[in-house]
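Each structure below is given as structure tokens.
Both of the next two complexes hold chain A, though its partner changes from chain B to chain C.
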Partner chain A sequence: MTQQLPAPQSQRIVLPPHRQRARRPRSVRTREWIHRNLFPSTAGTALTIVSVTFIAALTVGIVWFVFFDANWRVITDNRWLLFAGSFPHDQEWRLWAAMGFVFALIGLSYGMWSSLGRKDHLFIVLTGIAVILFMGHGGAAFWSSLWFLLSIALLFLGYVIARTIGHDRARQRSLLTRVILLRFAFDDAFSLRGGFDKTVPIQTRARAVRVALFPTRTGANRIVGGLLILALPLVLVILLAGGGASMRELDGFVLNLLLAPVGIVGGLVIAIPLAIGRASKLHAIKWTCTAYIEIVRGAPLLGWLFVALFILDDIIGGDLIIRTMVVLAVFTAAYMAEYIRGALQTLPHGQYEAAQAVGLSRGQSLRLIIMPQALRISIPPIVGQAIAIWKDTTLVTVILPLRELKGNADSAIAQSEFIPDRIEAYIFVAVAFWIVAFIMSRISQRMERAQGIGER
Partner chain B sequence: MSQQPAPQLPDPARTPLFYQRGFRSVLTQGIYVALTAIVLAYVIASLDLREFGFGFLSEPAGFKVGNQWLVDVDGVTNSRITMYLVGVWSTLRAVLVAILLATLVGVVVGVARLSSNWLVARMAMLFVEVFRNTPLLVQIVIWYAILLVGAPVIQNVLNVGDFLFLSNRGIAIPWPVPSDGLWGAPDWFVGIWVLALIAVGAVAMRVRAKRQEHERETGRILFANRWAMGVFAAGALISFLILGVPVSIDRPVIEGTSYAEGMLVQPEFAALVLGLTMYTGAFIAEIVRGSIQALPKGQTEAANAIGLTGYQRLTLVILPQALRQMIPSVTNQFLNVNKNSSLAYAVLFDDLFRVATIVQNKAGHALEMFFVIIITYMVISFAISAVMNVLNARVTAHRI
Partner chain C sequence: MHRSLLRKYGSSWRTGAIVTLVAILGALALVACTSSDEQDSAAGRGNTVQAVKDSGVLKCGVKQTQPLFGFREPDGTVSGFDVEFCKAIQAALGDGVGLELVDASDASTRFELLNDGEIDVLIRTTTITASRDRELGVDFAQTTFYTGQGFAVHADSGINATSDMGGRTICVQSGTTTEQNLADHFTDLGLDFTPLGGGDQETQDAFVAGRCDVWTADQSNLASRIGVLDNASDFVILGELISKEPLAPGVRDYDSEWKDVVNWVVHGLIAAEELGITRANVASMAANPPNTTVARLLGVSFEGGEVSTLGFDSVNAQFIQRAIAAVGNYGEIYANTVGDAVPRACSLNALASEDKSNCPPGTGGIQYALPYR
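Let's look at the complex of A and B:
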């Protein structure tokens, strides 16, 4: 009864007028949708009833917990502890400066490579409001809210700038072209005869100036990409340099936000040569790269953090945070290298041969033909690994004397008045991680769709 | 078209040595090996290897290990390696249970994500999004907190029909134990019964294969699976009775403020297994969904066309084919379960990793302990991959 004939997809059948039916009213369509999706048969109805009961019970339970049972003061009283932990209070501006810089950069890259949908915008705006409410609650909240709003403003500024410069589709523009454009815009103004030519509209001049001075899309891509690579060192400089916090004073959510990008970017940087090495024909290189990948993937991350704590000290020394960053990058690299190698293998062999046929050297063909395609194919698993490493930054709390968000939640519930509130504290931590991971996975899905990955 | 002369390849003998492929390869690898050797030498030189050795593992442990099951060691007379092996046993238990449960959760949720029932599909999606995007560590500590703080104290224990008890001491479940049975059967009759079960299982498989073969030849429906199950059930029951009921189910009871009888699932173990199950289950669900969606739509349509019910369509047409694509990714998830089980540390479950860190705390020798840890994990991973490879070979034996 519920079996429907498959609708013809390729061509629309236009019925003769006497057989055409009016589009049924919305209420009928809604009723049909409900019938089809919720009550198709006896078993389907039973399933729906069970699900509704379950959802109702779950919702009541969650609402009861969130609004009546839970004591959220464990979070609100420990805001600073959870966010930045032992970061010195008098250096607070550094955190906000770093945040503003990062937000501006996010706005820029978002404007350049916008890849989110309307629903995701709504989600991000709601998250922003939640964060403002969280930060702006009691205490010295006024200033932190103000700083946060300023960062949001910087985000929009970055977005607007990227939109302004980013729509210039030209690949590149020579210096000579730019000079000629500038001359067109201002030549008459500086000429001895006649002076400023009022017949040339001001918009034309402005356009010429803009085209002459602004980077092309390719150039803008390069600038934003470079800024992204430089972002982490710059943030560290903002936080630490010239009497800022010491390395050990980085903790709380700030530490998660610092460790994850190091793992991701550092991992990718190591992973690319590793993947090429593993696919190499030279046995010595192939086998060492394989051994690296397999050994690193053989032990859990906790094992490698154990190495950072007890063994790496003798080899590279440095602060524990630096060693942890090294371990995170080395660990992530092995997984990412496997994904890139997988992508290298799926590339048709004709790509290599074609590169050789047009006379590219091996390095050139890797750089210009092979790697761009391989990296494009491996975007989804690489983002998956990035999300994994984002979640795994919590692991530094487990055996290292570092305190990231989960570690500081542990400290919060160690206070005598909050001992019964551990569920609340951990749920807050889970939600904080979930928001970032969810945004990352959404971006990944959009990228996949935009690039047509996985479609045939 | 006139015959063109074949292009002249350069004479290999006259190519300068530097540009010869063989020489290039030797040179590159030589430089590479030299650099690697220098790095390795630096690493080895900077490590303090004067006391390197594994002798410390056989010294008396001097610490206790919790969460024991079927073993009883107090750590006074036992060596460190014994305690470590107890930890390995705990890890194996947790990993095995978590793998089984995660597969179950994953398949159910993965199929539910593609359900035509809108509510069920949405609920499955919510499950996946929640459990996949939060850190496993935090999930485990939340489960632990729920089991410790959220569960009732033992005085007002949650009693599910005198069958299952839940309190902050853990979950008590019924468990089979050897019993005297009808005429005082000795305990080792259990072993005989297990052997009998294996034999009956083999017979049942044989019956199934025979009937399936017959089905293929004659086209008559011979209910191979039902017959096999019937044979197995009958054989199991008969041998059970002949051996004089050697096993009884031991139901848990509350004695004062503690559990007695039955089997106690400790909160640490339950939290770890729950965390691993839900987290991995969410990932497996995505794999299941992906492999089902990757099947050509014609498969579903064909199953509908020959009049299979929804359940038949799923179990006879869709899942067997999706399984071929699933197994490699699911194997990866199982290996992750193995590695992620080290997060037991966060709830103080004495798995191999935690015992190893305790040993390292007592005796030093971080490098040796690290070797022991990584080799143990690799061995377990290898065992999992070996089993899954056998399964994969069986599933892909028939070419489609």
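Let's look at the complex of A and C:
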């Protein structure tokens, strides 16, 4: 690269006289823009008129439906049915606790490894307002709204905490250092003679406490990473443990929100050894992995859910929801393994050789050199598969005696007063699925940017 | 490493052949597993009454998407006409038996759920037919609801009977016995019609929007769906029925102990209505039975006589009394869930009385309990 001198900032660029044009007033420029872009020719004008009419009609239609025609009571009256179904009512706090935990974790992760942009803030605020409006429309929603706002507050709190730690440059801080810092902050307060020393500014004390108690960035990375790995078991513990719901009482949107992560995370965990195994030189391992992938991928998910219902109960037993989770993970794994294998094949051979040259063992080179790169490359297709399996969770209603969001929407429109309102119910289901899929897609984009995909 | 990989995957027909073989063997193994399963379940699960008492949970398969019969309330509970019978059977089995209402909304897997032991009894607007009884490993108890295939028309269409429907467009749910009945009926009449198929909801939409002149389905279904429309008066449900659709609880074949209990709970609830026993007065009736019939039904002694269990030892003689105390008699169940939305089959009392208002033409049959003695 040739070096370029930075252009002087203050100097205005002066064009030569033949390129100078008088700066015309804004109204003229606007008129010119309109003429150039909307009415350039007869065909263009016709196209503009047709498009504008179409868009206007569509907008009027949507506004008319959403605000005047639709009967949203089918949703708001059935809030509980759609979201939690047969979850025990006296255990409602567990749902909110799980939600708060997940929101806080999302905030922490964002603060740790990324940042919230203006669009993210807008999305959170708009979604939040929509949710609260929906809850308010159903009446008696004060506590629900409060819990929901608290969850959003936890999200931002987690974000702020993670950002604060993110500024801490220290890699490690010994216990001794922490004790000394704490001593400094409170020493005088407990001394018998002088009492509280007012000359030490309160900010200094606060800072000492913060530095003493908060983990360093490396430590925080480990904590948040560990929480992310344990998130799903922890949510299940919050919902089920110690007199909570039974497995069969997981229902409605809660069920979708539990099934999909199990499928995605479980699938990824199974997929990595499968992808490596398929590239193995040992024929037994290679063929086992190949057979797994080809058999599982060859039949539709619907078929495998039948297996969960009628065959797995004699093989592994357990609750139907557990069996469904197993099937979702096993099914997703077959696809993800192929994405990872594809990524493994795009890695230049030099990477393997370089790892060998510096004396890494096979396991080490996989763990330190190969898999990080392969996983990074396969983020986009893996997220695509994750979104697909998220939407496929509706299939459990189709053939299994399990009720998720779409199934409960079907139940809601079987109530006599809401039989005519199923368009509203299905639009709501679609929007709910879209919101979660959109969040997944945004997180994927963030991860890609953070990992520098496409910039290598 | 990756080059060797590519070479190995590139075009080894042997790998492909072996994979195919493994896949076929795997599929065969799965098929073998399932077929041996079915034999196991048919032979091994012979005593549901004992099994339910041991596990403490009655698993009742109900629909959750059918207005009036099986749907869910906003608070998540399942309710409806069918669900009341689940509660009655649960109560009949005695204290300490819980109820799990399993979703059996999907028509195509309902009998497999029963045969696989996912549910103990299927109460899900299921029509008794000979082929189901013989071929699907299911046994039916007493009919809980009599209906038949009926027709709804637009009020201004001038159609009064199926004989007026020649050349008209008829909306009918695809892939159902309803569709078959319709074709048979019009073949018999020697008339043509244009069928317009679709799901349950689509047929309703098409009919309401005027894309077809006639909508055919179970009359109970027509009544429950049309009655709630804003412009319900624009439509007329004809009195004519072209098929019999007796809806009954189903249990697994080869378990007559269990079938008898389910069967006689239904009969008992119908008998209770005939005898004037209600949820409110069942306790006083049991304490002081007016006659031997009531005493026998409630499993109590009449004027110091002996209590006859009639062989229902596994659930004890008072099982019908418990069922009535839990959900009321048949008439109460009907009034609380279906109400006026669908005309009721005649009770024996209504048929015997001079007042025929409870038995208008077109009601689905006569319902009376078999003698409990």
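In this text, the second predicted complex is superposed on the first by the 346 of 456 C-alpha atoms of A that agree within 3 Å, B and C clash if a C-alpha of one lies under 4 Å from a C-alpha of the other, contacts with A are read in each partner's own complex, and residues count from 1 in each chain.
We take it that contacts are C-beta pairs under 8 Å (C-beta built on N, C-alpha and C of every residue); 3 or more make two chains touch, one makes a residue touch a chain.
On a predicted model such as this, the values are computed, not experimentally measured, just so you know.
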Once chain A from each complex is brought into register, does chain C clash with chain B or fit beside it?
clash
State whether A:G226 touches chain B only (first), chain C only (second), both chains, or neither.
neither
After lining up the shared chain so the two structures overlap, which partner does A:I387 touch, if you call chain B first and chain C second: first, second, both or neither?
first
Taking the superposition on A as described, I'd like to know which of chain B and chain C A:P420 touches: first, second, both or neither.
both
Looking at A:L344 after the superposition, I want to know if it touches chain B, chain C, both of them or none. Which is it: first, second, both, neither?
second
A:G318 contacts which: chain B (first), chain C (second), both, neither?
neither
Using the superposition on chain A described above, determine whether A:G243 touches chain B (first), chain C (second), both, or neither.
neither
Pick one for A:F310: touches chain B only (first), chain C only (second), both, or neither.
both
Once chain A of both complexes is superposed, is A:I285 in touch with chain B (first), chain C (second), both, or neither?
first
Tell me the contact category for A:I399 with respect to chain B and chain C: first, second, both or neither.
both
Give the stretch of chain B that clashes with chain C in the superposition, choosing among 109-117, 253-261, 271-279 or 307-315.
253-261
Shared chain A contacts, counted only where both chain B and chain C touch the same residue
281, 295, 298, 307, 310-311, 314, 397-399, 420, 422
Quick one: in the complex, what on chain C touches chain A?
1-6, 8, 15, 18-19, 22-23, 26, 30, 33-34, 37, 61, 64-68, 70-77, 100, 102-106, 108-109, 112-113, 116, 118-119, 201, 224-225, 227-230, 341
Of all residues in chain B, which touch chain A in the complex?
25, 28-29, 32-33, 36, 42-43, 46-48, 115-120, 123, 129-130, 132-139, 141-142, 145-146, 149-150, 301, 304, 339-343, 345-346, 353, 357, 360, 366-367, 369-370, 373-374, 377-378, 381
Chain A residues touching chain C in their complex are 77-81, 84-87, 89, 248, 251-252, 279, 281, 286-287, 290-291, 294-295, 298, 307, 309-311, 313-314, 320, 344-345, 347, 349, 352, 397-399, 401-403, 407-408, 410-417, 419-420, 422
Contact residues on chain A for chain B in the complex?
3, 6, 36-38, 40, 44, 47-48, 51-52, 54-55, 281-285, 288, 295, 298-303, 306-307, 310-311, 314-315, 387, 391-392, 394-395, 397-399, 406, 420, 422-423, 426-427, 429-431, 433-434, 437-438, 441
